[in-house]
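Heads up, the next two complexes both have subunit A, just with different partners, subunit B and then subunit C.
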Partner chain A sequence: MNDLRKSIAFSSVALLLICVIPPFLQRINYSYLIGILVIIAIYGIVIMGYDLLLGFAGQLSFAQIAFFGMGAYGSALMTSKYSFSPVLALALALLFSMGIAFIVGHIIMLRLQHIYLAIATLAFGEVFSRVLTGFPSFTGGAVGVFLPPFSVFGLKFDSDIKFYYLVCIMAFAFFMFSTNIVRSRWGISLLALNSDEQAARCMGINTSKCKIQVFIMSISYASIAGSLYAHFQKFVVPEQFSIVHSIELILMLFIGGTRTVWGGLIGVTILQVLPEISEWLADYRPFVSGALLIVILIFMPKGIIGTLIEFWKDRWAKSSGSGK
Partner chain B sequence: MEYSTQIVQYIISGITLGSIYAIIGLSFTVIYNTTGVLNLAQGDFTVWGGFSLAVLCTHLGLPLPLGLIVSILGVFILGIIVEKLVMFPLRKADVIILIVVTVGISTSLQGSTLLIFGKESKAFPAFSGEVPLNLFGAFISLQVVWILGVLCIVTLILWYFFNRTIYGKAMQACSEDRVAARAMGINPDRMSYLSWGIGGALGALAGALVIPITLMDFNNAGLFAIKGIAAIVLGGLGSYRGAALGGFLIGLLESMGAGFISPLNKDIFAMTALIGMLLIKPSGIFGKKNE
Partner chain C sequence: MSSQLLAVEDVYRFFGGLTALSNVSFVVMPQTTLGVIGPNGAGKTTLFNLITGVIPCSQGKIFFKGQQISSLEDYEIARLGVSRTFQKVQLFHHLNVLQNIMVGAQIQRRSDFLNTVIPGKRMAEKERILRRSLEILKLIGLEHKAHFAPENLPIGEQKLLEIGRSLATDPKLLLLDEPAAGLNDYEIEMLEQIIFRTRQLGITILLVEHRMGLVMRVSDRIIVLNYGKKIADGTPKEIQQDSAVIAAYLGEKA
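Now for the complex of A and B:
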C-alpha cells in the first residue's frame, strides 16, 4: 500500500513537472531548449531499454542503434513512400524490428557470449548502417528520407511543444513500465542471469527464453523511440544511426549508471546539455565524455545515480537507527 | 583494361589493405593475449600514428625515418599511459566493464585527436615517390612494396620477440596463466604495460603506412578497429598467425567485393564474413578450442 501511494505521488509530481516546464521555458525565452528536452526524452527511452538488456541482464550488445534506426527508417519509408498513417507506420516498424530481433536473438544472442557477442552485434550494427548507405534506391542513400509530422487520429504534432508533450508522456509510460518490470519476478530473473547463468538455470529460470525476451523488449523501446525521433527530426540519414551513436548510447548509460532505470535519463541529460552550455564545451565534448566514462567506471562503478542512491540509502539507514 | 590485369589490380590492392588489417589485427592480438582485453580503442592508435607522422613530417619538417620513429614511439608511450591510468585500476573488473572502458578510451582519444590535430583530414606523400611500378600491366604504387616489406619485418620481429627473448616468453606465459607466471617470478602487470605499449606501436605503424594511400580522417578510427576485429575473429581470437591471415582475407574480400560486385557496399562483405565466422566457428581458423 505504501508503495502504491509513493508511486502515485511520484507520478503526479513527474507529470506536473512535465507540464510546467515548457511554459516556464517560454517565459524566460529559452524555448529552444524544448527541442533538446525532446531529444533527451527520446534517447531516454532507448537508454531505459538498453539498461534492461545491458544493465539488468548483462548482455553487451552494440546493435541497439541499428534497431533505433530500423524504427526510424521504417516510419520514414512507410509514411513518405507509401503514405501510411504515422501510428500504423510506427506499429509496423515496431513489429518488423521485433521480428528481426527475434531472429538475431536466436542466431547471435543464444550462441555467443561476452566478447564474441559484443563483436557480432558490433558487426550487425555496422552492416545495418552500411545497408542504409549502400542501397540508395530503397533507403534514399546518403541523402536520406523526409517525412511528415507525427499525427494521431487527425491530431497533428507539428511543433516542438506538442511533440514535447507526446514524447514526455511516452517516456513517462516507459519509465513506469521499466521501474515496475525490474521489480517483478521476471526482472529478478534477469539479475540472476547476469550474475551467474549456470546458477540461474539451476533455480529453474529458462535463461535462453529470458535472453530472447529481454532482447526483444529492449529492441521495442529502441524502435518506438526511433520512429518518434524520425518524426521529430523530419528526416532520416544513415549517419544518425552509425556505430558512433551506439558508442554514445554506451556513454550515456554508463555515465548515468546501470541497473537504476533513472541513471540512463541522467546520463542522457548530462551528455545532451554539456555541449549547450558553451561553445568551448562543444569542442571538448568527445574528450570530456570519454574521460568522464573512464573516471566513473574507475571511481564509481555504479554510475552517478547508482552511487547517489547508495549514499542516500546509507544515510537513511543510519538516521533511522538500528531498527531498520 | 583487360580482365586479367583487372584481377591482378584487385589482388594487389587487396593484399595492400590486407597487410594493414593484418598489422592492426596483430596489435589487437598482442593486447588481447596478455591482458584478455579486446581494445576497441585500437583504431585510435592507428589514427594517432598516421596523424602524428603527417604533422611531424609536413608541418615540423622532420625527415621521414625520424618522423616514423617519433610517432611510433609516441604512441608506444601513449599505450603505456592508457594502461597505467585506466586499465590497471580496472584489472579486476568484469569482462563487460573492460570492453565498455575501452569504448571510453576510444571516445576520449578521438576527442583529443580532434583537439590536437584539428578537424581536417590529412594526406601524406608516399615514402619513396609517386611513380608506380608496372607489373604485368597492372600498376603498383611503391608504397605497396613498403607496406609488404614492413609487414614481413614486423612478423619476423614479433616471432623473434615471442619465441627467443625473455620478455616475449614472459608475455606468452602471462597469456597462458597469469598466476603461474607470477609464481615463476614474472610480473604480469609489467607485461601488461609492455603489451599495451607494443599494441599501440603496432597500431601506429599501421597508421603511418596507410596514410600515404588513403586520406585519413579523425573518425576513421572506428573503421580501422572494426576491420582489425574482423581480421582477428576470422583468423581466430588470440592467434598471431590467425590475425595475419585474417587480415589478408578481409583485405582481399573487400577489394574483390568492391571490384566485382559493388564499391559502395565493400564493407558489408567483411562484416558478413565476420558474423558468418562467429556463427560457424567462433574460435576462427587457428583458434584455440577452449573458447
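Now for the complex of A and C:
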C-alpha cells in the first residue's frame, strides 16, 4: 500500500514536471532545448530497454541500435512508400523487429555467451547497416527516406512541443513499466541469471526462455523509440544507425549506472546536454564522453545513480542502526 | 520397487577419453539420507551433476519418483523437486541474502500457474514467498543479515545460505555437495542441526562430504565411489569395516 502511494506521488510530480518544462523554456527563450529533450526521451526509452538486457540480465548486445533503426526504417518505409498510418506503421515495425529478435535470439543468444555474444551482435548490427546502404532502391540508400509527421487518429504531432509531450508520455509509460517489471519475480530471475546462470537453472529458472524474453522486450523499447525518432527527424539515413551509436548507448548506460532504470536516463541527459554547454565540448564530444566514462568507472563503478543509491542506503542503514 | 525416490541405473559418464563414472547403480528410499564418499576425483560431483541434469549421462538412466529424468533439462528436474548446493558456493551476487532465498521460494511448479496470473492470488503468492523465505532465513540463523550482500558473509554462512536457498524450493530430494568444507566447528554443528531438521521435514538427502564423522552420524546408508566405480554400498557400520573401502582410502596392504 505504501509502495502504491509512493508511486502515485512520484507519478504526479513527474507528469507535472513534464508538463511545465516547455512553457518555462519558451518563457526564457530557450525553446530550442525542447528538441534536445525529445532526443533525450527517445534515447532514454532505448536505454531503459537496454538496461533490462545488459544491466539486469547481463547479456551484452551491440544490436540495440540496429533494432532502433529497424523501427525507424520500418515506420519510414511504410508511411512514405505505402502510406500506412504512423501508428499502424509503428506497430508493424515493432512486430517485425520482435520477429527478427525472436529468430536472432534463438540463433545467437542461446548459443553464445559473453564476448562471443557481443561480437555476434556487433556483426548483426554491421549487417543491418550494410543492408540499409546496399539496397538503395528499397531503403533509399545513403539519401535515406523522408516521412510525414506522426499522427494519432488525425491528431498531428508536427511541432517540437507536441512531439515533446508525445515522447515524454511514452518514456514515462516505459519507465513505470520498467520499474515495476524489475521488482517482479521475472526481474529477480533476470538478476539471478546475471549472477550465476547454472545456479539459476538449478533453482528451476528456465534461463534460455528468460534470455529470449528479455531480448525481445529490450528490442521492443528500441523499435518503438526508433519509430518515434524517425517521425521526429522527418527523415532517416543509414548513418543514424551505425554501430558507433551502440557504443554511445553503452557509455550513457554506464555513466548513469546499470540496474537502476534511472541511470540510463541520467546518462543520456548528461551526454546530450554537455555539447550544448560549450562549443568546445561539442567538438570533442567522443573524447569528452569517453573520458567521462573512464573517470566514472574508476571513481563510481556503479555509475552516478548507482553510487547515489548506495550512499543513501548506507546513510539509512547507519541512522536506523544507531536508533536501536 | 516403486516406493524408491531415486534410482540410478547403469550410469556412465565419459569426458573425452576419461571415464568419470562407470556402471554406477543405486537406489535411494524416501526420507533417508545417503552419504556418498570417495577419494578426490572419484566422480562424486559428476554424479550430482548427472542427477540434477547439469550435464547429460553418456549412458544409463536416472529415475525420480518413477519418472525418467535423465532426458530432462536441469531446470525441469529442479521443478520436480530435486535441489542442490554446489561444491564451490554459487550464490546470486546481484541479490541480497533474503532475495537469494526468494529465488528458491518462487520456483514455478505447474500447480502454481493460476497463482501467478490472477491478481488477487498473485499478491497472496508474493506474501507466501516472503513468509516462506523468512522462515528459511530463521532456520539457517541469518535473519539478522537479510539485507546483506552474500559476498559479505563469511564462507560458512554463504554455505548455509546456499542450503537455505535450496530448502526454499521445497525439495523432495536435496543434494549437498561438501556442505561442511570451509566451515568452523560451530557452523558444522549448525549444519548438522539443519540436516537433521531437513530429515524431519521428510526430505531425502544425498550428501557428498569428506568429514567422515559427519557422514557417519547423519547417513542411513553410504555408497563409496573410487575411480568412477561404486565399490561399496551399505550402512555406516558396514562401510567402516569394508576391506575395499579401507584399501581405497589407505592404500592396499603390501
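General remarks:
Methods note: the second predicted complex is superposed on the first by the 319 of 324 C-alpha atoms of A that agree within 3 Å, B and C clash if a C-alpha of one lies under 4 Å from a C-alpha of the other, contacts with A are read in each partner's own complex, and residues count from 1 in each chain.
As a convention for this text, contacts are C-beta pairs under 8 Å (C-beta built on N, C-alpha and C of every residue); 3 or more make two chains touch, one makes a residue touch a chain.
Treat the numbers as computed from the prediction; the structure is a model and nothing was measured.
When the two structures are aligned on the shared chain, A:I266 is found in touch with neither subunit B nor subunit C.
Using the contact criterion defined above for the overlaid structures, shared-chain residue A:S189 touches subunit C, although it does not reach subunit B. When the two structures are aligned on the shared chain, A:F254 is found in touch with subunit B, with no touch to subunit C. After overlaying the two complexes on the shared chain, residue contacts for A:I304 are found with neither subunit B nor subunit C. Of the two partner chains placed around the shared chain by superposition, subunit B is the only one that A:R285 touches, whereas subunit C remains out of contact. Looking at the shared chain after the overlay, A:I115 reaches subunit B, while subunit C stays out of its contact range.
Between subunit B and subunit C, the partner in contact with more residues of subunit A is B.
Once both structures are placed on chain A, no subunit A residue is touched by subunit B and, in the other complex, by subunit C. Interface residues of subunit A, counted against subunit C in their complex, comprise 185, 188-189, 191-192, 194-196, 198-207, 259.
Those residues of subunit C lying in contact with subunit A across their complex are 52, 54, 73-75, 78-79, 83-84, 86, 90-95, 99, 102-104, 106-108, 116, 165, 169. Per the touch definition, subunit A reaches subunit B in the complex via residues 54, 58, 60, 107-108, 111-112, 114-116, 118-120, 122-124, 126-127, 130-131, 133-135, 243-244, 247, 250-251, 254, 283-294, 297-298, 301. Every residue of subunit B that touches subunit A in the complex is listed here, in rising order: 38, 85-86, 89-90, 93, 95-97, 99-101, 103-112, 114-115, 219, 222, 226, 229-230, 233, 237, 262, 264-265, 267-268, 271-272, 274-275, 278-279, 282, 291.
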